[in-house]
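The two complexes that follow have subunit A in common; it is paired with subunit B in the first and with subunit C in the second.
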Partner chain A sequence: MSNLKDLFNPRGIAVIGASRDPTKIGHIILKNIVEYGYRRGIYPVNPSVSDVMGLKTYPAVSTISDKVDVVIVSIPNTKVPEAIDDAGKAGVKHAVVIASGFKEIGNVDLENEVVRRARRHGMRVLGPNIFGYVYTPVRLNATFGPRDVIPGNVAFITQSGALGIALMGSTILEGIGISAIVSVGNKSDIDDADLLEFFDEDPNTSVVLIYMEGVSDGRRFVNVASKISMKKPVIVIKSGRTEAGARAAASHTGSLAGNVALYESAFKQSGVISTKSVEEAFDFVKTLSWNPLPPGDRVVVITNGGGAGVQASDTLADDGIYLEKPPQDFVEEVRKILPPFASLANPVDLTGMAPEDWYYRSVKSALQNSGIDAVLVLYCHTALTSPVGVARAVAGAVDEVGVRKPISVAIIGGLEAYEAIKHLTNLKIPAYPTPERAAHALAAQLKYRKYREYLIKKEQIAS
Partner chain B sequence: MREAREIVEKAKLEGRRKLLEHESMRLCELYGLPVAKYGLATSEKEAVAIAREIGFPVVLKVVSPDISHKTDVGGVVLGINSVGEVSDAYKTIVANVAARAPGSRISGILVQKMVERDIEVIVGGIRDRVFGPVVMFGLGGVFVEVLKDVSFRIAPLTELDVEEMIREIKGYKILEGYRGSQPRDIEALKNLILKLASIISDIEEIEAIDLNPVILYPRGIGALIIDARTILGE
Partner chain C sequence: MSNLKDLFNPRGIAVIGASRDPTKIGHIILKNIVEYGYRRGIYPVNPSVSDVMGLKTYPAVSTISDKVDVVIVSIPNTKVPEAIDDAGKAGVKHAVVIASGFKEIGNVDLENEVVRRARRHGMRVLGPNIFGYVYTPVRLNATFGPRDVIPGNVAFITQSGALGIALMGSTILEGIGISAIVSVGNKSDIDDADLLEFFDEDPNTSVVLIYMEGVSDGRRFVNVASKISMKKPVIVIKSGRTEAGARAAASHTGSLAGNVALYESAFKQSGVISTKSVEEAFDFVKTLSWNPLPPGDRVVVITNGGGAGVQASDTLADDGIYLEKPPQDFVEEVRKILPPFASLANPVDLTGMAPEDWYYRSVKSALQNSGIDAVLVLYCHTALTSPVGVARAVAGAVDEVGVRKPISVAIIGGLEAYEAIKHLTNLKIPAYPTPERAAHALAAQLKYRKYREYLIKKEQIAS
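Here is the complex of A and B:
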């Protein structure tokens, strides 16, 4: 039922409420569309001026003779229904309603009217009360958020506006590549499930991140999320985790079935990775979008300090991953480079004296060994080595072997450590400032692997 | 499932939001769920006949649309071992209810097999506004009351989902057998949860259903529902 192809690949896009005033949302969105490099038709709609930013304006969408698939609606709320009618008559397929002042302030009727009119013309509605959307494969940034979104493979759906815009900026800072950003706002029509159906099929997306306050049709979400999760990981930040789930206590089950418990169960059942914080979600996005899927769950930890190793092992254990003895041939190889007192159990302790070359050789050997499924590298900044040097050594090993199995790196220290993390991030090697975060992000991949197998098994049984 | 529908329609017609205990039990039976043997008596003679048929010991409980806490009004007599005791208990319950809950309608007296106690679990279902039919599982008593050690799944369920939800609770080790206690009949439990999911999925009027307690016996012996409570939506 949901065909959002034209939303993400429009033949032409009109901005209703395009303004010359640089402080107006209608101006900023048009500017982003133009400057981010959208190459197809861009049509400002504004009856009171002849041109905006050097583009000819139109008094109404129906006066544009070229094909327009999407209208961005940035005008006062009461004028929206009329604009929808005009766009609908002109054959527009999707209305992206930026305007606010609908259900979020109690104007339910006005919102329903917008959807009703859109439906009459077979048009879908994104929003209202949103900051717009991005689809990098066609260089489309129709938001009033930051312009220079990094193209990549992560789709981000957000129900929160302000936090969503802010996180758009965070993706740039964190070096996270984006395929799409979709502000869903009031979800009057298009919702998470519709978008997941699209991203499931979208070859440009390999991970989906959702900031969710709630869904209206939980069963449909479970169905659609179960399907996409077999192919691509879906990470959710669910807001309102502490809300008490009180409901009429006529039944025991009812008194226990709080909102939070049900969402968590739904996520688990559909293989969705639930996170507690933005930081955790972004950490997971990095491993899940930059690393390949691990073939198994045998993790080897390589460290230059016992403390960092213990912190990482404990974190992994909390996530249900228990370290086993590394394969013998790997141990033999590493033994050649290490001093006799180095511990060759798991974590492999290269000792505090480990130079960059030891990192290079041990990481390379771990990446090459078929008895190891994922590699966690920990480095504590010592006086003997430079963090950037170690980062280069790790990146060199990855480069030489190729990206064949998951890797996660912790560079622990001060400003130089931060530089080293940035270096790895630029190379799309997940790197973090603490052993716990690096371990937990790697564990997310192993968890997803289990979820995925579970979903596939369920489907096999069903068919 | 014509009979199941009839039970629900009857309650609706009578303006009841709760099924009577024997109706809930019957609903479970119709869906193939294992319930402790029971019968509804509307006379002392009938109570004796039912007790004879299902075998001693039995329990007698008042069934009334007006009474929700049966023990508070002296509406329950446990550990009945003879025909004479059945007659006595029947009279006692009727007298107690008349004294402590005057004017309450009595639909009958439930005569139920008093079964051997063992590990108790709770299996429930609710119809959620967002997720629709949802099922719950947990260990009974303190585990559910205090620790809230329960798991949920959205229906429809696969057998794999049910396995996961059983294993998910913290007290799962108790079901696996510990300190020499025997492992429990997980297969029977799985079956029970799946069938409860069908009830809540099939019958749209049901807002909540509690099977509490369900006695879960050692592997191969099965499970028995002791008490079932069904709430219909407004």
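Here is the complex of A and C:
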């Protein structure tokens, strides 16, 4: 087990800078910890008041007699080194430094001093300049971001603060279940590789999403990422992909986003799934975290609109996935329900007159067929059917077949389509508003499967 | 004026196959025409009943004594030629053939027969195999798609039926205002070029969106598209962009989607904006239809999250738009409102502590500055501000400055961010859930501006 075990499973957590003022970060974090339901010791530290939110406060961490593994540090930057010393002496193992005003504004010395003092006590530092962290298996939300994070199997590491908090909110809107969210900020000590080592072993995490501007130790990142990628997909939003973007990143974090080509090559080597936008990354997270991995890449596309089928075929081809003729037994089963002029190639065109039952029967048949590895369902809202009805039909087929197979659904239309998408994502069935996004997200899974096999073979040859 | 004038401004419209049965297409279309508010003559044609929806029916078009310019034909395929003859004799100018069962299922002869008979009477044919058409300036919705299309300045031509109807619904959800929607189906006679000629002259249309699987006369399309592109942007979703997609399209419509590279080159030549997905196309429609064209491409990015700024910089660079240092007078004005550590490069980083007022003042200042051509506003939902508050601040600045400048906004977060986006799009301010989509949509406008200038210069040299 990685040495970050106690960060994510602390026996006690202290909030240095806990405040009664509801506009203070030290207040919001404490409130989130309490209200999200953390069950072990919570210790506000504030020398000027006796209690905060009904909890007894302590003047310093060293005055807490119970075991404290983590301190959240939300005080002015210049006071941080002293707080670290006090916590270190008290045997604290991890300092989560929320405070800003370090390397990101040029205060390199102050940041180095914090790390030096922490190391002296064998303490690890997360941050500084972060919004905190979340670990849902122990109901810990030590952030000043949104509180009601949905528990699940996705770990999200973010180098950006404001964007990270905003995306935390997006996970709730999109129904994405979270195991952990970690704001890494200046990465003075704990970095992406350390966290990947932890998530590699973490049974609660099956997908890792990283928003990264740069890493300092590229070789170590590649090593660790290659290892975890054989077990779990790692999706990276690499900010500063272009020279222009890298310059913007440099002015933002003070860290050089580095040679663009170098990162691309590092991601390729390590099997990391590189994405260009937060939407693409979130779309991939849904298929990769909600679907099982398929044994192959034989996709069947089921649609009620030829146009949607063509758009999906184009997107899949862009991703190197080519549609083949569906298995004969599947074709024969579907032929029974369809009008004679329906196209039984791939995409299977149920025609614009397809009622909900045709979706139910054809999707069920595809899920049951051993010659099909994954199913892409496209539905254009027409006058004849209701989007939620089709969503229910698809969900019913998935439910009845029991053994899950990768599936991705597009529901195209207006407000009712939007509601049907919600219905499916609540059931953890990946659903999107356009055929291209549904196809691209499914392709990400098929591509990861292939790459994973390649990594495993490479490893076998090497050992 | 193009010869399609009477199609879009008919003195009277007859529905052949008007039905009392609410599940019939001939019923839904008549209902849409009546309820969307068409004010001129509406004539149901049905020999077996005396009235439909309180309107007197006629046994044939030739028995209507008032002027009828358009017939909507929603009867079985084999009966269409006869109906065309009757309408032609009665002086009808346009037949809108909803009926399917023609070339798309191999009935080429029947389709040719329809066109031959129509031509004999000087009649033009839209379709067959379509869902109808809309022209909002005369409140005409002769489709079996959604009724409450939002009037506006975007014309949408679609070769796909089910996808087209679904996207009609999407325009309502996305707040996109429509001048016309035209389902072209098999394009037996009226095609994209004919429609572009009409929309070129149409004062109610300022952007054209085409979902296209293929055109038969490529040269004419390039000529007409080049001409209109000098005035109005034409956005194309070319389905069957890839060889695999083209094959899927061939099995769907029976029309060959054609050589992939040929289309790309035709679009380049004619200044058409080619998109890969319906989402991209819709995103572009918003900036191109709601914003004025800028005089240049000097963009300023205003953000409260460095990460969002970097993502936007990357996207803009992908699109060939490079951020330059903002004008000095703008920098000095913004410096007054910001903390000393804020970055006054481009992106301008208001920092995570930016309240709504900083957005108001910096956006207003950018809109007023003659050294800035377009403004990209990025907002990450943090604990300190409300997304709707920021949306109001941005809208307030736009409103106060009066003269519109191209603007594009990203609001990143959860449900409140979604609502803030709605707030802005209701005011026709382009707004998106991610920095990349907001940046890409603004870039589409800047690229179109450049290309338009090139086309105009080319034309001047040639003449």
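What we mean here is this: the second predicted complex is superposed on the first by the 445 of 463 C-alpha atoms of A that agree within 3 Å, B and C clash if a C-alpha of one lies under 4 Å from a C-alpha of the other, contacts with A are read in each partner's own complex, and residues count from 1 in each chain.
One rule holds in what follows: a contact is a pair of C-beta atoms (placed from the backbone, for glycine too) under 8 Å apart; a residue touches a chain by one contact, two chains touch by 3 or more.
Just so we're clear, the structure is a prediction, and the values are computed from it rather than from any experiment.
Participant: For A:Asp217, is the partner it touches subunit B (first), subunit C (second), both, or none of the two (neither)?
Facilitator: A:Asp217 contacts subunit B only, not subunit C.
Participant: Could you say whether A:Ile105 touches subunit B, subunit C, both of them, or neither, answering first, second, both or neither?
Facilitator: second
Participant: Between subunit B (first) and subunit C (second), which does A:Lys457 come into contact with in this model arrangement: first, second, both, or neither?
Facilitator: first
Participant: Does subunit C touch more residues of subunit A than subunit B does, or is it the other way round?
Facilitator: So, of the two partners, C touches more residues of subunit A.
Participant: Now for A:Gly185: first (subunit B), second (subunit C), both, or neither, which partner does it touch?
Facilitator: In the superposition, A:Gly185 touches no partner, neither subunit B nor subunit C.
Participant: Now for A:Ala383: first (subunit B), second (subunit C), both, or neither, which partner does it touch?
Facilitator: A:Ala383 contacts subunit C only, not subunit B.
Participant: Classify the contacts of A:Gly240 with the two partner chains as first (subunit B alone), second (subunit C alone), both, or neither.
Facilitator: Second partner only, subunit C.
Participant: Go through the superposed model and pick first if A:Gln269 touches only subunit B, second if only subunit C, both, or neither.
Facilitator: Only subunit B is touched by A:Gln269; subunit C is not.
Participant: Give me the intersection of subunit A's contacts with subunit B and its contacts with subunit C, in residue numbers.
Facilitator: Looking at subunit A, the two contact sets intersect at 251-253, 257.
Participant: With touch defined as at the start, can you tell me which subunit C residues reach subunit A in the complex?
Facilitator: 25, 28, 105, 144-146, 158-167, 169-170, 172-173, 211, 213, 237, 239-245, 247-249, 251-253, 257, 276-279, 304-311, 313-318, 322-323, 341, 343, 345, 347, 349, 352, 380-383, 412-418, 433-437
Participant: Which subunit B residues qualify as touching subunit A in the complex?
Facilitator: Where subunit B meets subunit A, its residues are 17, 122, 124-126, 128, 130-132, 134, 136, 138, 144, 148, 150-154, 158-161, 164-165, 207-210, 212, 229, 231.
Participant: Residue numbers of subunit A touching subunit B in their complex, please.
Facilitator: On the subunit A side, the touching residues are 214-219, 222, 250-254, 256-257, 261-262, 265-266, 268-269, 454, 457-458, 461-462.
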